[in-house]
Amino acid sequence: MKDIKNITKNQIFWPITALLLVLLFNLFFTPGFFKVEVKDGHLFGSIIDIINRGSPLMLLSIGMTLVIATGGTDISVGSVIAISAAVAASLVGGEMIFVEGVQEYVTLVPMPIAILATLVVAVLLGLWNGTLIAKLGIQPIIATMILMVAGRGIAQLITAGQIITIYYKPYFFFGGGYLLGLPFAIFIVGIVLLIIMLLIKKTALGLFIQASGCNASASKYTGIYVDRIKLIVYTLSGLCAGIAGVLISSNIKSADANNAGLFIELDAILAVAMGGNSMTGGKFSIPASIVGALVIQSITTTIYSIGVPPEITLVVKAVVVIMICLLQSEEFRKLFANTSWLQRRNTLENKISN
Amino acid sequence: SKPASAPAPAADAATQTAETKPEEAKPEEAKPAEAKQLVVGYSQLGAESEWRTACTNSVKGEAETRGIDLKFSDAQQKQENQIKAIRSFIAQKVDVIGVSPVVESGWETVFKEVKDAGIPLVLVDRKADVPEDLYVCFLGSDFKEEGKRAAEEMATLLNGKGNIVELQGTVGSSAAVERLDGFKEVIEAKYPDIKIIKSQTGDFTRAKGKEVMEAFLKSDGKNIQGLYAHNDDMAIGAIQAIEEYGLKPGEDIKIVSVDAVKGAFEAMIAGKLNVTVECNPLLGPQFFDVCESIVAGQPVEKYIPSEEGIYRQETAAADLPSRQY
Amino acid sequence: MKGENILLTMKNICKYFTGVKALINVDFTLRQGEIHALMGENGAGKSTLIKVLTGVEKLDEGEIQLLGEKVQPKSTHEAQGIGISTVYQEVNLCSNLSVAENIFIGREPMKFGKIAWKEMHKRAKMALEKLDVAIDVTQTLDSYSVAIQQMVAIARAVDVDAKVLILDEPTSSLDKKEVEKLFSIMTKLKKEGIGIIFVTHFLDQVYAVCDRITVLRNGEFVGEYQTKELPKVKLVAKMIGKDYEELNAAIKGDEHKENKKDFTQEVFLEAKGLGKKTEIEPYDVTIYKGEVLGLAGLLGSGRTEMARLLFGAVKPDEGEMYIEGTKKNIITPLQAIKSEIAYCPENRKADGIIPDLSVRENIILALQSKRGWMKYIKRSEQEKIADDYINLLSIKTPSAEKMVKELSGGNQQKVILARWLLTQPKLLILDEPTRGIDIGTKTEIQKLVIEFANQGMSVIFISSELDEMLRTCSRMVVLRDRVKIAELTEDELETNVIMNTIAGGN
Amino acid sequence: MKTKFQTKFIPIFITFLLLMGLLAFGSLKYTGFFSLQNFFNLLIDNAFLLITAVGMTFVLITGGIDISIGAVIALVCMLSANLLQKGWNAFVVMVLMLVVGAVFGTGMGIFITKFKMQPFIVTLAGMFLARGLCYVVSIDTIIIDNPVYVAISQSRINIGTGFVSWSVVIALIVLAAAFYVLHFSKFGRRIYAIGGNEQSARLMGLPVDQTKILVYTLNGCCSALAGIVFSFYMLSGYGLHTVGLEMDAIAAAVIGGTLLTGGVGYVLGTLLGVLTQGSIQTLIMFEGTLSSWWTKIAVAALLCLFILIQRVFTLVKTKKAKPI
């Protein structure tokens, strides 16, 4: 009895429940949703699609969780994706080259350098956000809005308003390749997750982030440099967005300055919230946010798979989001538990456990 | 068959016009009387795609070659911004106003203001739902016609029989609505054996096109014989999805799309795309021809269609070098 | 006990939090025109009882009657509606609003459908003048110190027309003069027939104004007594639950003068001309190793500001600081911490606790930032530290993993003390460290401070309780109007000397 | 009194000066910029933004956020266009739209307060829902040709050598009403208290939940009114109207000195914020040579510059500067 209660207390319990519910729905209403087959030596199916498609969102939600934990938000991630995709694509090369009638795969600069440069750009963008917020004390939403608006312009500037198609084959591996039968993108997510989790669990960074988000003034008195912490999280968020930009451009083999990552900041914030994290900062759980991201991607894929007419897609999404959030709301659950045996059991349990 | 003018790079055009002051007007062609430089305001709806960028470049480039003082405003896809831009053109007392409206409706008030100010107005590329006396002429393509042509092409490819899926443009955009209407009209009227089994928006983007196509393939897979995409970008995205699924785009699934951008030609050369219906963005020369006629007091047609073709796989390799966008 | 006199009864009140039984079958009766003290150790359940009564927390079992009618307020709003006005333990005001608004919000005077601002300011001024507080009521609340804020909260509660007035530790950062003013107002209200519930840890205050005492221990009802009939020692015995003899010693300790006299002449810190415009005039101060230096002064005299400058919490405009002879530039708390200085701030809600973090995390935080973020203290070590300090300061919590915001006020204060003791500083600055701490623990803390000082640690002690300062300090600096006016050595440390210096008479 | 003015209103005063500077710059640089009508155009073109930004200011002061407003405006346009086409009476439609806005706002308010859900998420779902409902009504644009709407839309109120539209009048009335509510009514002061510290406000006995719900209701009404004004402006309903408007509204409020953490905000500041954004836009239009991407970069750069200068001046002038 007590174990069950403890499990439901765990932050990640409700996001996972939501994910299972969405998948359960598919089990009944989407034929072949769970079919996974092996094609060309790798796994193939809707589930794999969700993981693959959801990877950029999962990456973003990692950075976004940290930012939100300090009590801020970063709405520039979509633009950072556009910029990094544009940088990567223009460095890796956007021209189809034929040598004696055969298509050649050449890059403008060696791929590792191109990717490194892209990530450096992303980190710089994150630092820019962090500086405005931490050093100059500008409100996060407005500070990142500057980059959100300008960023897309910068990305278009880099691509001169064109969609840069990428022809260099090895680059496609990041977002489209497979390793051990699984999409390579998920390994990137895994590595980033691992590194950040290590940073957070094995150093005091996680504790400091939580403290800063919870009570900045008290944190300052304990000797935490709150502004440095902020600088770090916005930089990390920029980096995550940069990696997501590489994944996206690699997956669709092009950089579309206009549309890459458009409105994805909303999904990223939604993922964090679906993970049960507080939007006002403080305690956080990155794995829960990742599950949140998976929930969102599953909903999207489900909507496509069951053929919801495009006119009502958004309405469906709204209803599902609200339902999942209600599920997480303790007050709402109480409404149902009220007057029933559950409540009586709860008080009883309290008495017993005391 | 294309109007042969080479648009200069946009950035150059921008800086040059900024420096061109009205008094240092060009030594001039065969303009009557005093060399008064023509001032044209152009409200572009945005830069949402390569196609649109090509259109912008064409207008800007042409203005530069002709020495016209172009006031260019980009509305970032917002009608409010276009209305504001038009008002600012009135304030700046331009000679002609060109508008590519982002939506069809809601223009009456501001167009009336333009008329009251005595400035002729030309609609470019997209129509507006206003009484005919509010604008001088409309120059552009017919989305519905494009949809119809795409349907005919699709029917030929499938021999009048098969299941097709559709990738729509942004919900509610006039290009999406009309390309859908035109296509449906022809299919329903003439080809009862062709069925549209799934239809979903791909927002005119590669990423969404790919994502939606993946989901279509997972649910309907081998049942799909044809794909109609409202623009080339979505088709290119979908092609990747089809390849990853293990089918051959262009063979197992016939693909028809609209726009005829460079990428589409590359795909056709590779045999992955069957047909693209052109929607010509290079409207600059035609537009300024019209402007100059109006200022010179010559009569102009109410509807000036842009010149458009259909490109198929067979001729793609030959056509590619001449594509400008 | 005449029936018609009874104002409020609470019967068999139970309140459970997960893992804690905060109240078990508590009874409480309040009569018209009485001041009723609610006593108990930290975490005994006093605040919880008040919260249940005023609808902040939902009661699990029991019944509340007001004037014979059963009531069940679901929010403070409803409680106010039925005539219960409350000052909660922590300052619960809106720092973004002006002082006047804080007093009148929810019941602003209106004129022609508009808030009559002038009228409101006038009345706010009057309300505060009754408490002898003369401040600009149009300024926002956050420009005043905690003590002033506490006075504003009292002014608000007192100004409301209420049948029941509840004061949960209103006096914790007030000094004698303010307390006396408050008492005179309480007595006046009592004469008007209002029932007052008064929570405090100062026994003297209880005996000064209260008619009755209800004692709680560990969430259980111990008993209700007439003040006259319950001697101090017995009261403490009821609160602590220990027997008589043991206690005598404790109380003695409480009254015993323990101040520390012997310290070396080795200087730990020397400040020269340290000051910041509008906060505090430049001052010189020398702190010796192993001494307990008191800062005395009236409300807003600048004691806190002085301490904040030493800790680098604010950046000084001018002046220099030497630590153990070398010049140090301390402009951030971390630099101070690294120079072995610790500062326990006075406003525990705003500057002290990190509410959503656990007790364990709150305790180790300062030590962690001293060590740097790379050298993370191992989980097992953290747990050990936390348990040690929970025992040392007898923090009442079911486990070290409980969120600190769920602790009682006094226990939160102990957690913060633990945080700073843990850094083992060479200079410990304590700004009202015993705020809201019960007498048992208070003597413990005083002993601890002196013990540390004996081991060579310097302490700066700021307290609004002069007795406490006299008991612990070996030297005193007196401030008035944000200027350092005097330094008193040990032989001058007597109540009347200090009072004279503070007040400005020579 | 005087000292109080100086510290509290310095940010707004600086904003005002900067706005004047912006306008002066435009007047010197571009012919036709300095005219009464051009200034009126600023109001005409941004009337709907002002109305909804005022509503947003209320929400932000409570410490909440509403990102559904753009979608609600689109929905109102769509619904009114639809109903007007069916021949409904124009005034009935307007009233009905206000009710729709109020219901929408109240609904979100209830979710936020009663179920303790985060405002961002609830209003995000609200945004999806409102946008989605637009498409349910029609995916096409619907033209409004109702004579009343057309008449209101085209009528001009002459002032001096220029003219304004009815929308401007409505917006200014809303602004005045909001100013009154915020500074001279109990309800308004409760909003500030809640934003300052919600828990304290609750403990001071203020009806917090009720107030918050009412704020979201009011905001819903403002969005609906903005939607009505926007239908005058556009004379059409369209599912893609006012995408991303919420960001403009938030930015306007923030430029005007509102803190997203709650408790601080002024509707007059919001007016300045709206005018600032409008001026930046107008400047760029008068420049008339920028490509799409340079337009974006220029808008952001001007905004950034504006905020930075505002910030630096405020830091210099007031010791305890609040974050912008």
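Should a chain be cited, it is by its letter among A, B, C and D, assigned in written order, with residues numbered from 1 in that chain.
Rule of thumb we're sticking to: a contact is a pair of C-beta atoms (placed from the backbone, for glycine too) under 8 Å apart; a residue touches a chain by one contact, two chains touch by 3 or more.
The shown structure was predicted, so the numbers you read here are calculated from the model rather than taken from an experiment.
Enquirer: Give the chains in contact with both subunit A and subunit D, ordered by label.
Expert: For subunit A paired with subunit D, the chains in contact with each are B, C, in label order.
Enquirer: Taking contacts as defined above, which has more of them, B-D or A-C?
Expert: B-D
Enquirer: Subunit B to subunit D: how many Å between their CA centres?
Expert: Computed from C-alpha means, the inter-chain centre distance equals 33 Å.
Enquirer: Distance from the CA centroid of subunit B to that of subunit C, rounded to the nearest Å?
Expert: Measuring from centre to centre gives 72 Å for this pair.
Enquirer: Could you state the distance in Å from the CA-based centre of subunit C to that of subunit D?
Expert: Whole-Å distance between the two chain centres: 44.
Enquirer: Where in subunit D do residues touch two or more other chains at once?
Expert: As it turns out, subunit D has residues touching two or more other chains at 135, 139, 291-296.
Enquirer: Indicate the residues of subunit A shared as contacts by at least two other chains.
Expert: Residues 156, 161, 310-311, 313 of subunit A each touch two or more of the other chains.
Enquirer: Of all the residues in subunit C, which ones touch at least 2 other chains?
Expert: Within subunit C, no residue touches at least two other chains.
Enquirer: How is the touch graph of the chains shaped: line, ring, star, complete or other?
Expert: other
Enquirer: Pairwise, which chains touch?
Expert: Applying the touch criterion to every chain pair yields A-B, A-C, A-D, B-D, C-D.
Enquirer: Considering the complex alone, what residue numbers of subunit C touch subunit A?
Expert: Spelled out, the residues of subunit C in touch with subunit A are 16, 18-21, 60, 311, 313, 332-334, 336-337, 343, 345, 350-357, 361, 365-366, 368-377, 419.
Enquirer: For subunit B, which residues are in contact with subunit A within the complex?
Expert: 9-10, 47-50, 52-53, 56, 168, 171, 198-201, 203-208, 210-212, 214-216, 218-219, 233, 236-237, 240, 244-246, 263, 266, 325
Enquirer: Taking the complex as given, what residues does subunit A use to touch subunit B?
Expert: 30-33, 39-40, 44-46, 49, 53, 96, 156, 160-163, 165, 176, 248, 251-254, 256, 258-260, 262, 300-301, 304-311, 313
Enquirer: Please name which positions on subunit B make contact with subunit D in the complex.
Expert: Those residues of subunit B that touch subunit D are 10-11, 14-15, 17-18, 41, 44, 46-47, 53, 56, 60, 70-74, 76-81, 83-85, 87-88, 91-93, 103-106, 108-109, 112, 129, 170-174, 177.
Enquirer: Sort out for me which residues of subunit D touch subunit C in the complex.
Expert: Interface residues on subunit D, with respect to subunit C: 1, 4, 180, 183-186, 189-190, 192-193, 195-197, 199-208, 263-264, 319.
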